[in-house]
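Note that the chains are named A, B, C, D, E and F in the order they appear, and that numbering of residues resets to 1 at the start of each chain.
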Amino acid sequence: MTTSPSTALRADGRAPDELREVRLTRGWLDEAEGSVLVEFGRTRVLCVASFTEGVPRWRQGSGLGWVTAEYAMLPRATSTRSQRESVKGRIGGRTHEISRLIGRSLRAVVDLSALGENSVVLDCDVLQADGGTRTAAVTGAYVALADAIAWGTREGHVRPRAGAPVLTDSVAAVSVGIVDGLPVLDLPYVEDVRAETDMNVVVTGSGDFVEVQGTAEGVPFRRAELDTLLDLAVAGTARLRDLQAEALERPLERRA
Amino acid sequence: MTTSPSTALRADGRAPDELREVRLTRGWLDEAEGSVLVEFGRTRVLCVASFTEGVPRWRQGSGLGWVTAEYAMLPRATSTRSQRESVKGRIGGRTHEISRLIGRSLRAVVDLSALGENSVVLDCDVLQADGGTRTAAVTGAYVALADAIAWGTREGHVRPRAGAPVLTDSVAAVSVGIVDGLPVLDLPYVEDVRAETDMNVVVTGSGDFVEVQGTAEGVPFRRAELDTLLDLAVAGTARLRDLQAEALERPLERRA
Amino acid sequence: MTTSPSTALRADGRAPDELREVRLTRGWLDEAEGSVLVEFGRTRVLCVASFTEGVPRWRQGSGLGWVTAEYAMLPRATSTRSQRESVKGRIGGRTHEISRLIGRSLRAVVDLSALGENSVVLDCDVLQADGGTRTAAVTGAYVALADAIAWGTREGHVRPRAGAPVLTDSVAAVSVGIVDGLPVLDLPYVEDVRAETDMNVVVTGSGDFVEVQGTAEGVPFRRAELDTLLDLAVAGTARLRDLQAEALERPLERRA
Amino acid sequence: MTTSPSTALRADGRAPDELREVRLTRGWLDEAEGSVLVEFGRTRVLCVASFTEGVPRWRQGSGLGWVTAEYAMLPRATSTRSQRESVKGRIGGRTHEISRLIGRSLRAVVDLSALGENSVVLDCDVLQADGGTRTAAVTGAYVALADAIAWGTREGHVRPRAGAPVLTDSVAAVSVGIVDGLPVLDLPYVEDVRAETDMNVVVTGSGDFVEVQGTAEGVPFRRAELDTLLDLAVAGTARLRDLQAEALERPLERRA
Amino acid sequence: MTTSPSTALRADGRAPDELREVRLTRGWLDEAEGSVLVEFGRTRVLCVASFTEGVPRWRQGSGLGWVTAEYAMLPRATSTRSQRESVKGRIGGRTHEISRLIGRSLRAVVDLSALGENSVVLDCDVLQADGGTRTAAVTGAYVALADAIAWGTREGHVRPRAGAPVLTDSVAAVSVGIVDGLPVLDLPYVEDVRAETDMNVVVTGSGDFVEVQGTAEGVPFRRAELDTLLDLAVAGTARLRDLQAEALERPLERRA
Amino acid sequence: MTTSPSTALRADGRAPDELREVRLTRGWLDEAEGSVLVEFGRTRVLCVASFTEGVPRWRQGSGLGWVTAEYAMLPRATSTRSQRESVKGRIGGRTHEISRLIGRSLRAVVDLSALGENSVVLDCDVLQADGGTRTAAVTGAYVALADAIAWGTREGHVRPRAGAPVLTDSVAAVSVGIVDGLPVLDLPYVEDVRAETDMNVVVTGSGDFVEVQGTAEGVPFRRAELDTLLDLAVAGTARLRDLQAEALERPLERRA
């Protein structure tokens, strides 16, 4: 590895392989079946899971459930205000792309047959954006999804057979990139805009890949760089997996 | 008055002329010039004021500033999920109507000449809805606007002359209604759906009216009922004015 | 009352509490179940009631009817041409707001159970606008609605029981406002743009309120001013109620 | 010719080559530079000409004016109510097609150089539709255009040189078709739906063609039938030209 | 006829009554039931016929089939790139108009009863535009439609009775116009923009008219000119009919 | 590598590491500055490069050029017809996502400073889809881009300094995936729908990565599998690079 994490300095003082402070606050809303405020440093995403009985018409009678996601940003999540997509009258390509990514990532760890003909919609609304909103959204949405499935099970809508849980694994995501030649983990906005290569990686709790999306922003990247970035991402998502597990072990209390 | 507040009972134990617990948390976001999380009981609205130098093209050279507002609801703010307006591709009538109400209410207490050619956009996003979202939004948006104008003044963009403050008064709003024949203040959702008459009233700190919007949901209402509702609203907004003043006196600290 | 109607002068010579000339021409179209050209001075609105058997899907089986309204303006109704909303591809907030107001106002005097599973859509298209288009629309739409319900009854689609008429009362609307400190009734455009306070009031034939929508355009208004405006509106709508009754007593003849 | 006009019978008693009663009411609105209510029997179209100084950006500096048209139908112009295009959020193909036809037809008789850099928009709104709305619109719009150009000349915005009038000719339009084998002029709705061939013809006052749009609805038509239809159209538009001239000779008085 | 074809010169050397080189390549796609690349000189349109069993809901149970068409242009079909209609979010009037023309033209030669409850959609996408795209589209779409109906018959979806073929005739279209006073056939772009009169004519194999759409671009046209143009169009479509027949007689082979 | 290409069998008889037949036809249109029909087996994409002087407003004065791309599919490119996005009125997420991918991929090999303030838009329209449309589009668009830049250079719009070519490298793309446990290159539709893992890889001529987009469709994938897929992709894109070079060496002749 070309970096020496112990000595390299990032603007916020983190080591190259260090995550920002991550917080997962469950039960952030009173009525939703699952609701998590996930924070990666200043990035703050509200992930809400809505559980409903039944599936869309085209899936009825299949015995399979449905999990989907919608991502959006509040207009002043960023440092300058953006126009609302509802006002523009159309959803941008970036929004579509991220919504699809979150949905695919969650479905990779759901046994839709064990879920039965029930639907969960994950709404991931970015309240404040400081880089890594899509990876924070995947990480928080998994926890909200787990709460919603637990709710559906308690209410009797989901009846998984013994040994066939609805969630076959956990899933988390993190961004990695090369900034000024240095491979780093979990990029805030100031690093993100300067990154030569930017990669979002979605990894299961057992360490396999769900998504690998690497993009050369300027100079194409070499195979060795790709390998280093994947190492960072695998280690980072392993720590996120542990934080998810800890959050889910805490009793779910409503915010006072 | 036909009601005896001391003895009447509401589902949540409040007296007819009692507000829900109201909280105004300033500085809820890190970058916005003003940001307030306003809570009326379970109703929770994020009010963010974005200050920018300059005004829209049609107003340039007028010497006047511009204040406008946009209201929206997250899809799972309500007890069942609604489709996003960005996904529908059009903004509903209710959203437009409330956005316009908030903008007019705030402009009623702003001296646009003292503001100079600067703009403030208020984004009021409902995170959780339990009745009274538009009145909570007006009440919180005023505080966010005050912070944004203070910011603009500190930064030198706003230069009010002595004795001509940008904010000529404060403004707050509350809902009142007749539920099972009883005039009540600050209706949560369960009361709102059963109200025969529903009224939203916007009142300045000095007790004058900015907006009076009363609607008979079923039976038309009599002049005496209208008078009772206006009394309740004037008293309720006077309490909100005091809560706004207290919030603005506290030092503004960023959420850790 | 602080005004002395006998001496005050308005630009068009009317007393403060005087309506413009109001005309209600029934049967203005040949095929519609109800069609009324309503004129308040130069303001001219075509109100057309379309009666159809059946109700929207979500209401089927309820035994209840449905009454709704759509308001629109021709592009050159105003003194300068506006772009069509069909060309813009979206309906503005003002249009939505007024359409909803008209619908609510009419439903306040309809017994939807007596209407049975039938629908009436009121189209209110402003042919020429000189202030007060929404209040003229409510006033004219009531007459068109009455004709459409009479048609539905004659045709046997509506079968109200004795003593339970479909229309429980009449409804009319008028604008009031404070112009140069003077409270006045039924504002044309030139007064409307100068009004400090602008109020639209919808009142039933028996004098109760359906809607009270008051807005301070500049200076907030005091309780005493509100009371004066309500007095003007109640008197004005009483006269409109009489004009509606007279129009409905005339035999319905098709325009030659 | 295969028809004997004197003996053939149409549902409304007209001879095959007879127009419906045509009325052209000028000055139907108070403020528009030109406004004509045109009636072909029950078909009733409000044609409003809005004159403005200046031309669209892409035409500035050309020395040429601009004339364009927009056609629309009120929702209950027809015997059953249609959804508004503003509500649908898109303008249908038929509307576009007719708007373009009206614009082209008028431009064929306008010397855009003599008009100078001024614009006239013709709004043709169908209040009641009983066949032939597009041809009535062209016929009425010409009269409204003439009034608007006269207004622009009186106001000094248009300064045509001697011998170079803005309007180089008049223009009118009529529908013709073959119904039950009989070629007929000016089809109302009941004939229009049964026509085997339907043709709209736009003709100048001097008898030349601006548009010929013939469509076989069922069976293709022969050259001889086409010739007969063109004869009918030429004769019909000659009568319309005379009616336009008469209308324009009457003094323009505002509707009381 | 006022032109002497043998001596007149056109920019591309053709005689006034001469078509450009026309090519009809069947089976241009591998999967579609009918697909034809039609070329009129440089104008190149891909006409694809999609055959599906069943008809739209509103036509079910009628025993009748449905044939419809959609026309579009690739963004760089023209010499300068145009914005995509999918990006604009709305389809222009010209596109709608041409789609409707193609659909009507094809339906004029289809016995929808013999087709039975089957649908054919014709997609006509202009790959390169050099004038006459709509007439090339009609001409090519007929051949694609013939192939699709042959496919449907082979597959047993269409079962015409003896003596009642689905296609009652062939149909082709061509443009004609007056350029510098000379009536010409099949105008490329350079002639089209200079034409005083422009006419598109759709004619059946037996020589009857389906559509005649003539437009004076500048000066209105006389009856004699109209007659000359129709003569040219009838002769041109007769040649196109022969080329269609030859193309359909060749064995259908997939492009290697 | 875990596969033995010589013995493994794919439905179309290819070895796992074998491309489909690839064809690159330059100059497919007559007017566009670059136009390439690219075929990967039955997948057929028309890639058209439009060169224009100047850049979008937000980039003016930067001295930098702009390269962007739009991807779309004809409605019957697939085995069943899809609705047009222009008819739906909105562009789907997949279309946006692919358009952005193509644009980023090309910009990775363009020196925008050497391009100067010129723009190239790449339109990639899928005429027939049999898997791998986005990778075929990148591969073909590169060749069209090279032709357009050559054109711009010949015309004097682009003036690269010696040693600073506009194109810093070539770029090509290919899909790889795991089908029935076997890693394979260049998947047609029948393999694509059954793939457990699907990856699109964009690689420069010198073998570095521009994009790596891997998605687990069902089971998450292991690091070793990822490595094998990357090996296949690097080898496949090296062959595509050679085919691109060969195509660009051939003289550019217009299709007869």
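We take it that contacts are C-beta pairs under 8 Å (C-beta built on N, C-alpha and C of every residue); 3 or more make two chains touch, one makes a residue touch a chain.
Chain labels with UniProt names: A, B, C, D, E, F = Ribonuclease PH.
Every value quoted in this text rests on a predicted model; they were computed, and no experiment measured them.
> Could you tell me which chains make contact with subunit C (Ribonuclease PH) and subunit F (Ribonuclease PH) both?
Touches both subunit C (Ribonuclease PH) and subunit F (Ribonuclease PH): nothing.
> For subunit F (Ribonuclease PH), which other chain has the most distant CA centre?
Ranked by distance of C-alpha centres from subunit F (Ribonuclease PH), the top chain is C.
> Interface check for copies subunit B (Ribonuclease PH) and subunit C (Ribonuclease PH). Shared numbers divided by all numbers used: above half gives same, below half gives different; which is it?
Answer same: the two copies use largely identical residue numbers here.
> Hey, which one of E-F, D-E or A-B is the same interface as B-C, over half the contact pairs lining up?
D-E
> Superposing the C-alpha atoms of subunit D (Ribonuclease PH) on subunit F (Ribonuclease PH) takes a rotation of how many degrees, nearest 5?
Roughly 120 degrees of rotation.
> How many angstrom lie between the CA centroids of subunit A (Ribonuclease PH) and subunit F (Ribonuclease PH), rounded to a whole number?
Computed value for the inter-centroid distance: 29 Å.
> Centroid from C-alpha atoms only, then distance subunit B (Ribonuclease PH) to subunit D (Ribonuclease PH), rounded to Å. What do you get?
52
> Could you put a whole-Å number on the gap between the CA centroids of subunit A (Ribonuclease PH) and subunit D (Ribonuclease PH)?
Chain centres of subunit A (Ribonuclease PH) and subunit D (Ribonuclease PH), defined by C-alpha means, are spaced 61 Å apart.
> What's the distance between the Cα centroids of subunit C (Ribonuclease PH) and subunit D (Ribonuclease PH), rounded to whole Å?
Distance between chain centres, rounded to whole Å: 33 Å.
> Residues of subunit A (Ribonuclease PH) touching 2+ other chains?
89-91
> In their complex, what parts of subunit D (Ribonuclease PH) are in touch with subunit E (Ribonuclease PH)?
90-94, 96-97, 99-100, 104, 108, 169, 199, 203-204, 206, 208-216, 218-223, 226, 230, 234
> What residues of subunit C (Ribonuclease PH) sit close enough to touch subunit D (Ribonuclease PH) in their complex?
Within the complex, subunit C (Ribonuclease PH) touches subunit D (Ribonuclease PH) at residues 29-32, 35, 42, 46, 48, 50, 52, 70, 72, 74-76, 78-81, 84-91, 95, 121, 123, 125, 127-128.
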